[in-house]
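The two complexes that follow have chain A in common; it is paired with chain B in the first and with chain C in the second.
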Partner chain A sequence: MLKWVWLVPVLSLAGAAINLFAGKKLGRRAGWLASALMVAAFGIALTVLNDLAKLPGNERTFILHLYDWVTVGSFRVAVDLRVDPLSVTMMLVVTGVGALIHVYSIGYMEHDPRRGRFFAFMNLFAFFMLMLVLAENFLILYLGWEGVGLCSYLLIGFWFERTIAANAAKKAFVTTRIGDTFMLIGVVLVFLRLGSLDFAKVLSQGVSSSQPSGVFTVIALLLLAGAIGKSAQVPLHVWLPDAMEGPTPVSALIHAATMVTAGVYLVARTHVFFEISGVALTVVLIVGLVTAVYAATAALGQDDFKRVLAYSTISQLGFMFFALGLKAYAAAIFLLVTHSFYKALMFLSAGSVMHALDDETDMKKMGGLIRVMPITGTVFSLGALALAGVPPLAGFFSKDQVIAAANHGGDQLAWVVALVAAFFSALYIMRMIFLTFAGRPRWQGHPYESPPVMLVPLILLAVGAVAGGLLGLSAVTGKLPAFLAPVLGEVHQPTRGMSETGLSLISVIVALLGVGGAWLVYGSGRIDWVALRVRSAGLQRFLQGGWYVDDVYSTVLVAPGKAGSAVLAYVFDAGFIDGAVNAVGRLFRALASVGRRVQTGLVRNYALAFLFGVVAIFVYVGFRL
Partner chain B sequence: MNTPIAYFLVVSAALFTIGTVGVLVRKNALVIFMSVELQLNAVNLALVAFSRMHGNLTGQVLAFFSMVVAAAEVVVGLAIIVAIYRRRASANVDDVNLLKW
Partner chain C sequence: MKWLTLTTFLPLAGVVILLPWRGVRDDVARVVAMVVSVATFVVSLVILGRFDGSATGFQLVEQATWVRSPHLQYLMGVDGISLFMVLLTTFLMPVAILASWPVEKNVRFYMASFLFLETGMIGSFLALDLLLFFLFFEAILFPMYLIIGVWGGERRVYSAVKFFLYTMFGSAFLLVAILFLYAKSGSLPGGPTFDLRQLVHLGLSTAAARWLFLAFLVAFAVKVPLFPLHTWLPDAHTEAPTAGSVILAAILLKVGAYGLIRFNLALFPSGVEYFRTFVQVLAVIGIVYGAVVALIQTDVKRLVAYSSVSHLGFVVLGTFALTQQGMTGGVMQMINHGLSTGALFLLVGMVYDRLHTRDLFEMGGLAKGMPWLMGAFLFVALSSLGLPGLNNFVGEFLVILGTFATNRALGAIAATGVVLAAIYLLWSYQRMAHGTVPEKHANHPDLTVRESAVLAPVLALILVIGVYPKLLLDRINPTATRVVNQVVQSQTAGTGPASGTQAAGEGS
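Right after this comes the complex of A and B.
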């Protein structure tokens, strides 16, 4: 079955094509078609996994050559798919979680007249994401990378009639493009310095030792810039909270489970570069840690519950980058997988709540929803507890491994900061639970539980969020770390730092402290959180505005940019460029007003000119002879 | 019997000059047209004369081509002149001067 892996992206592409051209005619069936294709892709992905697992550990890399794409001199790019433990893991996440989100969307988008379009974009996204993770060379990866960016843009701005959504889409596109540009330079540099774009050649140790390590630092940092943009890390994170303007399944699929993890995948895939460089690895660590703490605090100040989840995603991605920086690649991918379960689950549950409350997203107007939406409330809480790191849910194992890696990595400061971020994670997510599902109802209208087509995916994702930890019970011997070892390197038993049990205990205590803190303020009723909000309005605004990063960007970057553009557009372009063009035009008009007198309209004048011409030619030829 | 080539060329040149002057000085489109025919035939004469001088048929073949082209040109040209005459009741080329500055 390994050579049938091409079917996985092609099925999604077929779905996109059919829905794009016939989506209107298909009507309600558009969603079922898109979902069926995703489920089929997931099935094929599973058989691919099965076949791959049959091979011995060190032979688990299969490269499927489809066709040659570009052949110019020594520059050769083939459309090759790489099947190895890392890409298969990503492929399973994309198709598996993707399929569930597609099914959920059938219910969520039921009343939208542009269903066909929606599912076409969703399938197209899945195609590009699959190309990204299955790519065997940097160019195909870049193709997928830009493709998912495009689909993200199209889907954030899906309800483009709303200016705010259209602007959010633009912001996401432009912000990620900043990173993408650096990444493209990095890709070019890879080719110039290493002579190839194929992972098989470039990532092998032989090629790597042929260049000074500074080259790899530059390449790694350029690739990292792309990853920072795509994965919404500080300082290019500003687009993700705004991206919540898209339909909620989009937030779940693109802005939680898959696309934003592309940066993590990229760094994990090219970890060889980062390791040779060393410096780049430290940068990854710092970026991840700063993002994890920053976004966790910002999430605490949000009122819009989708924005809480957005900042939470940024924070969790920060944890993944942090793990990458610690060389705990398997832990990062493990967190990526479990995060895709519980974050997709929470986004979809949030979508159900929005459905029930007529698109209300303000948590101040919720509360007590568990009584009207028992299933949604339960699965959401499971996801939240998983995120908070409460054992034995999936998030506990994955986050614990990241934090343990920090301790074993030797830098105790990073470990403490990571614990602080974990504490805030538990705090903000439980705050969200208490404000939304617990307490006294503050909503109006008639909320209702979602239909089965939306509940079944939620329940399946909840199973993942609860049992996902089984994939990696231990950082050293767990199933997923062991499976990924051929690509990401063996995980060794730590030689220093605390024991795993002790670290787990500390993690659990921190998580429970967060949960308890949230309960004390928002759940127990002993503290009036509304009054607390008013008293600390400054802090509240600071956190809600995401530490005012957006405002700083608007003042420092956007405003001068706009002013500069205005000068270029209205002064330089209108005066100088257009002036030069117009001056050329005026010059020729002036010349023509004299020259056009030659055209008298009298046939005999023309004939005479003709005669002179002929005579002149004869004279010339005569003298030549 | 062997007339020198110069005789033919003199006649040809004379015909061509008459034709050229006719094209340049006359106003009536039909007369201009006839003058053009005169020029063409002057060239035909020269071609045939050279053909005889060289003893091969190339020049005569070319003259035939020239005649065929001239005939075709007459068809188109006369049609245009008739059309203009019907519209303007005049065959004076100086009246047809719309295409000017």
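Right after this comes the complex of A and C.
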């Protein structure tokens, strides 16, 4: 089955094409078609996994050549797909979680007149995402990379009548493209320095001797810039909270489970470059840690519950980058997988709540919803507890491994900061639970539980959020780390730092402190959180505004950019350059009318006079050479 | 069969039919033009079929002495670069004519002008005799002047005159330089000639080569247009009728870029050596400058015009990188820009036909009522901003790669043009398509059958080239390599074998 892997992306592409052109005719069937294709793709992906697992560990790489894409001299790039443990893991997440989100969307988008287009874009997204993770070279990866950006643009701005959605879509595309352009230069440099863009040729340990390590630092940092943009890391994270303007299944699929993890995948895939560089690895670590803490605090200040989840995603991605920076690649991918379960779960549950409350997203107008939406409330809580790191849920194992890696890596400061971020994570996510599902109702209307087509995917995702930890019970011997070892390297038994049990205990205590803190303020009823909000309004606004990063950007970058552009266009181009041209024109017109005093054939006259003049001068100069 | 001659002059046959045919019904005139242009396209496909992709020199050469003294020849030939320029011309001309169906004013002359223009453009791409080239080159000027000046918008006369003067300014230098070359060519074995293939061997003094390079450069830089000689372009584009803008952007600008490759690079290697960085810097300024100025435009046609300045910068940058990848990418961008910007002007024209405004601030929400028209616009905008999978990406990437190999700073700055393109194209799309519809624009129809037929072939090619660029690359690459090698070899003559013709990886 390995050579049938091309079907996985192509099925999604076919679905996109059909729904784009015939989605209107298909009506309600559009969603079922798109979902069925995703389920089929997941099925094929499973057989691919099965076949791959039959091979001996060190032979688990299969490259499928489809056709030559760009060939100019020594520059050769083909459309090649790579099947190895890492790409298969990603492929399963994309098709598996993707299929569930597609099914959920059938219910969520039921009354939208443009659902054909919605599913076309969703399928197209899956296609590009699959190309991204299955790519065997940097250029096909870049194709997928830009393609998912496009679909993200189309889906954030899906309800384009709303200016705020249209703006968010453009912001997402442009912000990520800044990172992408650095990345593209990085790709160019990979070819110029290493002579190929194929992973099989350039991503081996032996590559280190071919160039000075500074070259790898530059390449790695350029690639990292792309990853920072796509995975919404500081300082290019500003697009993700705004991206919540898209339909909620989009937030779940693209802005939580898959696309935003592409940066993590990229760094993991090219970790050889980062390791040779060393410096670049430290940068990854710092970016991740800063992002994890920053976004966790910002999440604490949000009232819009989709924005809580957005900042939460940024923070969780920060944890993944942090893990990458610690060389705990398998732990990063493990966290990526479990996060895709519990965060997709939470987003989709949030979508159910919005459905029930007429698209209300303000948590101040929620509360007590567990009584009217018991299933949604339960699965959401499971997801939240998983994120908070409460054992034995999936998030406990994955996050614990990341934090433990910091301790074992010997950097105690990073470890403590990561614990702080973990504390804030538990705090903001439980605050969300208490404000939406617990306490007394503050909503109006008649909320209701979602239909089965939406609930079944939620329940399946909840299973993942609860039991996903089984994939990696131990960082060393767990199923997933062992499976990934041929690509990401063996995970060794830690030689220093605290014992695993001790670290787990500390992690659990920190998580419970966060849960308890949230309960004390928002759940116990002993503290008037509304009054608290008013008293600390300045801090509240600071956190809600995401530390005002957006405002700084618009003052420092956007506004001067616009002004500069206007000056160039109206003062320099129209005034100076074109003014000079027109002045010359007027001069010749004046000369022509004086010399000939004939007004007919205006153009011909002064053009000719001009022509002869230039000819005369040039002939004179020319023949003297 | 003399296929090159047939392709070149078939459109002129249409002119000969139409011009004397007084009182011809408008519809008949349209159909005649359509039939002639489609026939020309079919004939040009024969050239493609007979073209040997692996050969590097000129093919299907036709030669006849025209005037004995001065020794002027009718000399035509095609290589991997001119081949696609001709095909682009013959492919887009029926598209432009079909797009011109709604034109009501002097239809017979309108169509005749376009067909005359086509002969001039094809001839420019195929002529290998410098004076013959000059004649075709000048023959383009007059019909284009008429198309802008007669069928254009409100400020058409100002724009047409400006276009005419600018180009005449460049042509003057070109003519003198050609005559100078002829005067010098007496030393060649065959006696004085305008034959490009002979003139390549002319041993010019370094000073002469530099001066001549500059004269040719001015002529072609105006056409490209290269910063700062670009200010005729926004005016000409804005005022020209839709089909005029399409042909102007898609093909006329390419005559300039083509001239730089065909003549500047081939004839004056020592001039290239001297001015290369200067030209590349102008190209990079054009890339960034055109894009930044496009950011602030509110007239959508001006916006697309400035985007052309930016995109053509990539073409010149790539070709003057003098690497195999840069040259191939540059030539590919000539084709891609023709298709994408041509399509953008078609779409903008269709929007104008409905809304009667080009002001982006008077638009909005059009995606609701016209999903296909706006969808097509977005598709082309994405191609233009270099989305992988569509045509522009491959060319732009090769240009950046080829440039980076020889000059990192310029390659990196050029890459910022890609970010800026995303900003201005998506901004203009958002202004048009997103938000709420103004009351008066709520009920416009979506694409008609004719409009779909205009767009479909162009959009299809945009996708095909993006997915399978080998169709072009395999035929362009041998010629591009030859052009680069010739320049590099004659520059390094005596100093050992040519190096640096490839952006080859050092580790390979």
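Quick note on the criterion: the second predicted complex is superposed on the first by the 575 of 625 C-alpha atoms of A that agree within 3 Å, B and C clash if a C-alpha of one lies under 4 Å from a C-alpha of the other, contacts with A are read in each partner's own complex, and residues count from 1 in each chain.
As a working rule, a residue touches a chain if its C-beta (ideal position, glycine included) is under 8 Å from a C-beta of that chain, and two chains touch if they have at least 3 such contacts.
No experiment lies behind these values; they were computed from the predicted model shown.
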Between chain B and chain C, whom does A:Gly585 touch in the aligned arrangement: first, second, both, or neither? second
After superposition on the shared chain, which partner residues are touched by A:Tyr142: those of chain B (first), chain C (second), both, or neither? second
For A:Phe21, is the partner it touches chain B (first), chain C (second), both, or none of the two (neither)? neither
With the two complexes superposed on chain A, say which partner A:Tyr448 touches: chain B (first), chain C (second), both, or neither. neither
For A:Trp4, is the partner it touches chain B (first), chain C (second), both, or none of the two (neither)? neither
Counting only touches as set out at the top, which of chain B and chain C does A:Ala566 meet: first, second, both, neither? second
On the superposed three-chain arrangement, identify whether chain B or chain C touches more chain A residues. C
After superposition on the shared chain, which partner residues are touched by A:Ile577: those of chain B (first), chain C (second), both, or neither? second
Can you list the residues of chain A that meet both chain B and chain C? 602-603, 607, 611
Footprint of chain A on chain C - complex, ascending: 145, 161-162, 164-166, 168-169, 171-173, 175-177, 179-180, 183, 205, 207-208, 211, 215, 228, 231-232, 289, 292-293, 295-297, 324-325, 328-329, 365, 367-368, 371, 382, 387-389, 393-394, 397-398, 400-401, 404-405, 411-412, 415-416, 418-419, 422-423, 426-427, 430, 433-436, 468-470, 473-474, 477, 481, 502-508
So in the complex, the part of chain B that touches chain A is made up of which residues? 20, 23-25, 27, 32, 93-94, 96-101
Applying the document's contact rule, which stretches of chain A touch chain B when the two form their complex? 596-604, 607-608, 611
In the complex, the residues of chain A that touch chain C are 67-75, 117, 139, 142-143, 146-147, 150, 153, 157, 160-161, 163, 166-167, 169-170, 173-174, 177-178, 181, 184-185, 188-189, 191-196, 207, 210-211, 561-562, 564-566, 568-570, 573, 577-578, 581, 585, 588, 602-603, 606-607, 610-611, 614-615, 618-619, 621-623, 625
